[in-house]
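Shared chain: subunit A. Partners: subunit B in the first complex, subunit C in the second.
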Partner chain A sequence: MSYYFTIFSPTDTPLFTHEFGTSRSSGDGIAHFSPADRHLAPFILHSALDILEEVQWGPSSTAGSAPMYLKHIDKYANNYVSCWITGANVRFLLLTRPRDEVLGSGGGLGGQRGSLAGGRLGVGGGSGVYRPDAPATEEAVKNFFVDVYESWVKTVMNPFFHAGNGHVVKSPVFRARVAAAAKKYL
Partner chain B sequence: MTPIQDATPKPLKYPADLDTSIVLPGQRASPASSLASLPFRTSNPSLYKLFESTVSTSTSRPSSGTATPTSSGRPGSVLSPGSRQNGTGTPGSLPPGVSDEHRTLIQQAHAPHVVVVADKDTEELIRGKGLDGGLLQLLRPFGEALSGKVTIRDSVGASKSYEDFGVRFVGMDQVLGRPPTSESAPLRPRPVGGDVAQVEELVERHLQYSEFSAPGSVPDNQNQDDPAAQESGNSPFYTLYLRRLLSGLPMVPHETFAHPVVGVIATSSRSATPVEELRDLYNRQHQGDLQVPQWVDGLFLRYYVFIHEEETGDIAKSNTTFDAMKRHFGLNCHLLRLKGQQCISSDDDAVPLPKCEWLSASEELAEIQRQESADEFTDPTPYIPDSDVTAIKTFVRELVAQSMVPHMERNIHQWNEQILARRRGLSGRFMSLSKRWTTFGSSRSSSTYTITSSNSNYDSTGGFYRPDAPEALMRRLADYCFMLRDTKLALSTYEILCTDYNNDKAWQHYAGAMEMAALSALLSPTALTTKMRTEKIDEWIRSATYSYTDRQRSATPFYALRTLALSLELLRLRGTPATDDAARWGSRILEMNLVGPIGAALITERISACFSIRPGLGVLKLGSRRRKAAFWAVLAAEEWRCQNKALQAEKCLEAALQLYGARTESLQGGPVRLPFDEMQHFVDELRQQILGLRLANRGLGEDDEVEEMQQSLLVEEATETLDASPRAHRRSLVGAVAPNIDTGPLSPTLERMPETDDLFEGAV
Partner chain C sequence: MSSSQPGGSGLRYPSNKKTIYDRNLNRSKNAELSRAAFAYLFIEMINLAQKNAKDVGDLEKRLNSQGYPIGVRLLDLLLTRSANPLASIRPTRILPLLQFIAQTLYRHLFGRPADALERSGDDPSQYMLFDNEPMVNTYISLPREMSNLNCAAFVAGIIEGVCDGAGFATEGVTAHSVGVQEEGKEGKAMWPGKTVFLIKFKKEVLEREEMLARGGG
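== the complex of A and B ==
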């Protein structure tokens, strides 16, 4: 599985972007996006902001306080987007691209388009083996987000850093922390 | 007259022709001059007419060509949604910039079919007028658009008039599902649609035409001239795709739209014994070689026509014959007076035979091929005298308004009382139960036709119901209602049918009923509740698609595509909350690989259009789908680029940038950049590729032109970087005519976008 993680400022500017692969089940921790997927990932995350806003401002699904972890919110083809939202309206978006084998019959992006054979393939995409709303997956992503959030809080406590002004996170320590969290949970 | 044609017409190769047409490199400074020298546009003006449906909207600048695209004839423009609308607009008031066009298209597509047969002498007579297709070809265009309103009474007795009602005249071959008899017209393409690959090929031809030979194809001008069309996201090619998808519905057991409602039987004054001829034809239809398949009801209404030839016939004799016909066959008779001579365009009262709008894809393809290889001055459109037109119009109107519609109304009424009412009542429910569990309630019709061992009326080996089985009658009742636009009764009938078909495991029928239930619910003029939409209609669409493809032995992807595409259109018209669903079904089409490459690009573009019409709430535009729309527009641009369709790709990219707000100015004065550097990079690269493609399509991409193209690309980059204001004409052609820049601020769309964006985006 490959992941693409981005932190968006309240004005939709990406502040931090990190790309990594799974470290579970003998994964090497390196993202294996196909070139097409790789190009589309920023577009997908950016377009997911539309859905995010709707979930954010829409009727709450939980009683009481609004949750920070919004779980799986959007999908495009075989790319799944999960979200965490901080109190200052900074959005963490994680794009998950499962390996084709995990999806059962892989009809990747524009994979076998052009064959008019009809829909025996690819219909079950997502409901195959990888499920974004499975409790284990949700929990793992949540743990990852919690760790990143902790580092993020430390970053924004820096008086010279203003996320709202579109300051990009350059700290290598922050990146290392995110990578560590990724390795630990995803 | 024209010289002799080549015996073997060879298909045109566009790039090659473009290349040869260019004489001097120096002349290429102006694109208009090189375009004017295109071979087939100047030499074959009639070809233009073939592509009119898509060209008239895709290019809006008339140039000094032989054919002048008229801006008034723009069918798809939002500003003129057409006089064909009537009171049944979609409730909840259409979102601004959305036209009802596809809704009327869907309604018009489901028109009653009228089968036409004529005896030999009559066919000979019509062919003598220069119409190879015989009587069918003569009648067909007039059935599609009836003159005047047609008043229809629905099941509760309320009358409603429709202006855009029509019928489809079909030949006996199409009804019988056999290839046309070769002696009448050799190599005549089959008028049956339902073939996605052919639709794709046809749209590809149209695209190619617009790509290579459309006049004045600088898309900036197009955007600025026609912001309305741009905003609604209606691509003429998509409309064409839909129309051809719905043209020539195939004859199948599981739906009765293509089944004949009326049969026209014609004879003429040339025949010695007209009454006997009519009888003979009827008998052949009833028992002989013209008998319909066993799953079609052969007892449709017959309409007898006596064609009187003005030149040779004796009107007194014709009148007596006609009186005899009336005595024999009842009131469903008509005396049609036609001229027998061939008419040419220079005649006084000659009018060209109108074009058929609902040609099947294969027919239109054949037509294009024929005309491309045809000679310069041959205009293949047949001409007929004005008096014939009047006579035929009267005839068709009388046929529809006085015979067909009352006949259908009567049938609806009768079946509604005899079958549906019984099914709806308590006893009806009990009957259907007992039919399932005991052998007691098995109906008579299946006992006369004992293939099935079970006691249902469904013949599972053949996959059909007998036409007199209650299920088949109810399906016809529902289809009749749908064709007469009584969606309420249609919907309730389809719902009942769903359960019946489900019990019989007649999956194809089941899917058909589901599809039509969804469509009639979406077409109905009443407002839909959210619950209805999310629970019922979604479920119908989902299981219809599933049943059409995966549930049975032979998948029928065409029907699945039809279900999804039509639902997409109708849901899109339902306004804000439903547009998400529309887009979801659109992406389902792509996921299921139901369309080819052209269709995929068109659908991608359409999904973007679905998202883009969703307005946000309040100043923050909460709940709008601007970014989604932009994303899909970029995808569509990429798709089009892969298909070498520069114009379309450019249009999509332009739309995407508008949506991203990159056409506005940021606070610092420079153009707004996309949020991610990768995105900006991707878009820039895409634009370069599209530009190169466009130049290549214009004939600049050949080997000896490489340096010129590179040079032009260099200049292009220069304008790119030097342009501080995004409103400038970025993609101007090298050395082309001076771009008219200042139309930008005048356009309302350009003015509106920045304000709303800046509020939200802040300092991006």
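== the complex of A and C ==
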């Protein structure tokens, strides 16, 4: 599986982007996006922001408050988008691209056909098929977000860092922290 | 993946090799700052704001903008501290947000909750947060020509930062002294330094609130 992770400022500016692969089931931790997929990913994430704005105020669990973890919110072709929104409206979006075998499409087939198969299987479900709403998947993504969130709060505590002004996170330590969380949970 | 080795990236580490990412967020949870140190710093902040201010309104605006970034930061920090971080929740309605300000934020800043929270009778978009004795004004005496200045504008800026950060845009949060007005009515005011923070939300925030209420959230 390949992941593409981006942090968006409250004004939709990407502040941090990191791509990685799964470290589970003998994964090598390296993202395997085709060049086309890689270029498509920012567009998918930006389009997911629209859906995010609808669900972020959504039905609250406890009176007047909503969780930061919004789970799986959008899907485009074989790409699944999960979201975490911080108190200050900074959005973490994680794009998950399962391997073709897991999607049930033969791999190497046309993108059109692959996306149809993915769509049907996503609804129908079945063993061995990637499901973004499986409890184990949700939990893993949540743990990843929780770790990133902690590092993020430490970043914004820096008085010289203004997420609202589109300051990009340059710290290699932050990137290492995200990579460590990814390796641990995804 | 970029390297995290010191030196190679030109990143400078503190002498104890601890970056901000290695420090615990709750380290200063119960730490208290000396009041004298705060007063000294605050006076300097007012001095700085006063240097280029044209009038009292401008001065208050400058104090407000000094507080604003603090509010945005405290919002996330206090949300991570308030509960189990795994169950992180954020306010999505006006009332929980204001309660967060009056309770959590106030406790963090001044060690006690705010004294009262009211909704304005004639303007539904306006909320009033009362502080009987603002800590920031403790050591401030106003000269006669600036008698309508209230340095709690700094705290108003923090409140505005929290509201804006949480996605509740405001027309502005302002601090007003009301202790003197009460004096006229009752002879002697119990709280001469009483301050009210007027929080006026933007129209779209109230519209959203109404829609959410109808949606049965």
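Criterion: the second predicted complex is superposed on the first by the 158 of 186 C-alpha atoms of A that agree within 3 Å, B and C clash if a C-alpha of one lies under 4 Å from a C-alpha of the other, contacts with A are read in each partner's own complex, and residues count from 1 in each chain.
One rule holds for everything that comes next: a contact is a pair of C-beta atoms (placed from the backbone, for glycine too) under 8 Å apart; a residue touches a chain by one contact, two chains touch by 3 or more.
None of the values given here were measured: they were computed from a predicted structure.
Enquirer: Go through the superposed model and pick first if A:W57 touches only subunit B, second if only subunit C, both, or neither.
Expert: both
Enquirer: Examine A:A77 and indicate which partner it touches, taking first as subunit B and second as subunit C; both and neither are also allowed.
Expert: After superposition on chain A, A:A77 lies in contact with subunit B alone.
Enquirer: For A:N158, decide between first (touching subunit B), second (touching subunit C), both and neither.
Expert: Once the two structures are laid over each other on A, A:N158 reaches subunit C alone.
Enquirer: What is the contact status of A:I44 with respect to subunit B (first) and subunit C (second): first, second, both, or neither?
Expert: Only subunit B; A:I44 stays clear of subunit C.
Enquirer: Touching A:V146, do we find subunit B (first), subunit C (second), both, or neither?
Expert: After superposing on A, A:V146 lies in contact with subunit C but is clear of subunit B.
Enquirer: Touch check for A:R177: first (subunit B), second (subunit C), both, or neither?
Expert: second
Enquirer: Identify the partner contact of A:D12: answer first if only subunit B is touched, second if only subunit C is, both if each is, neither if none is.
Expert: first
Enquirer: Touching subunit B and also subunit C: which subunit A residues?
Expert: Residues common to the subunit A contacts of subunit C and of subunit B are 10, 57, listed in rising order.
Enquirer: Residue numbers of subunit B touching subunit A in their complex, please.
Expert: 196-197, 545-546, 549-550, 555-557, 560, 587, 590-597, 600, 611, 622-628, 630-632, 634-635, 639, 675-676, 678-679, 682, 761-764
Enquirer: Enumerate the contact residues on subunit A facing subunit C in the complex.
Expert: Within the complex, subunit A contacts subunit C at residues 10, 20, 56-69, 85-89, 142, 146, 149-159, 162, 164, 171-177, 179.
Enquirer: What residues on subunit C touch subunit A, complex-wise?
Expert: It is residues 1-4, 9, 11, 19-21, 23, 25, 69, 72-73, 75-77, 79-80, 85-93, 95-96, 165-167, 208, 212, 215-217 of subunit C that touch subunit A.
Enquirer: Which stretch or stretches of subunit A touch subunit B in the complex?
Expert: 10-14, 17, 39-40, 42-44, 46-47, 49-51, 53-54, 57, 76-77, 107, 110, 112-123, 125, 165-166
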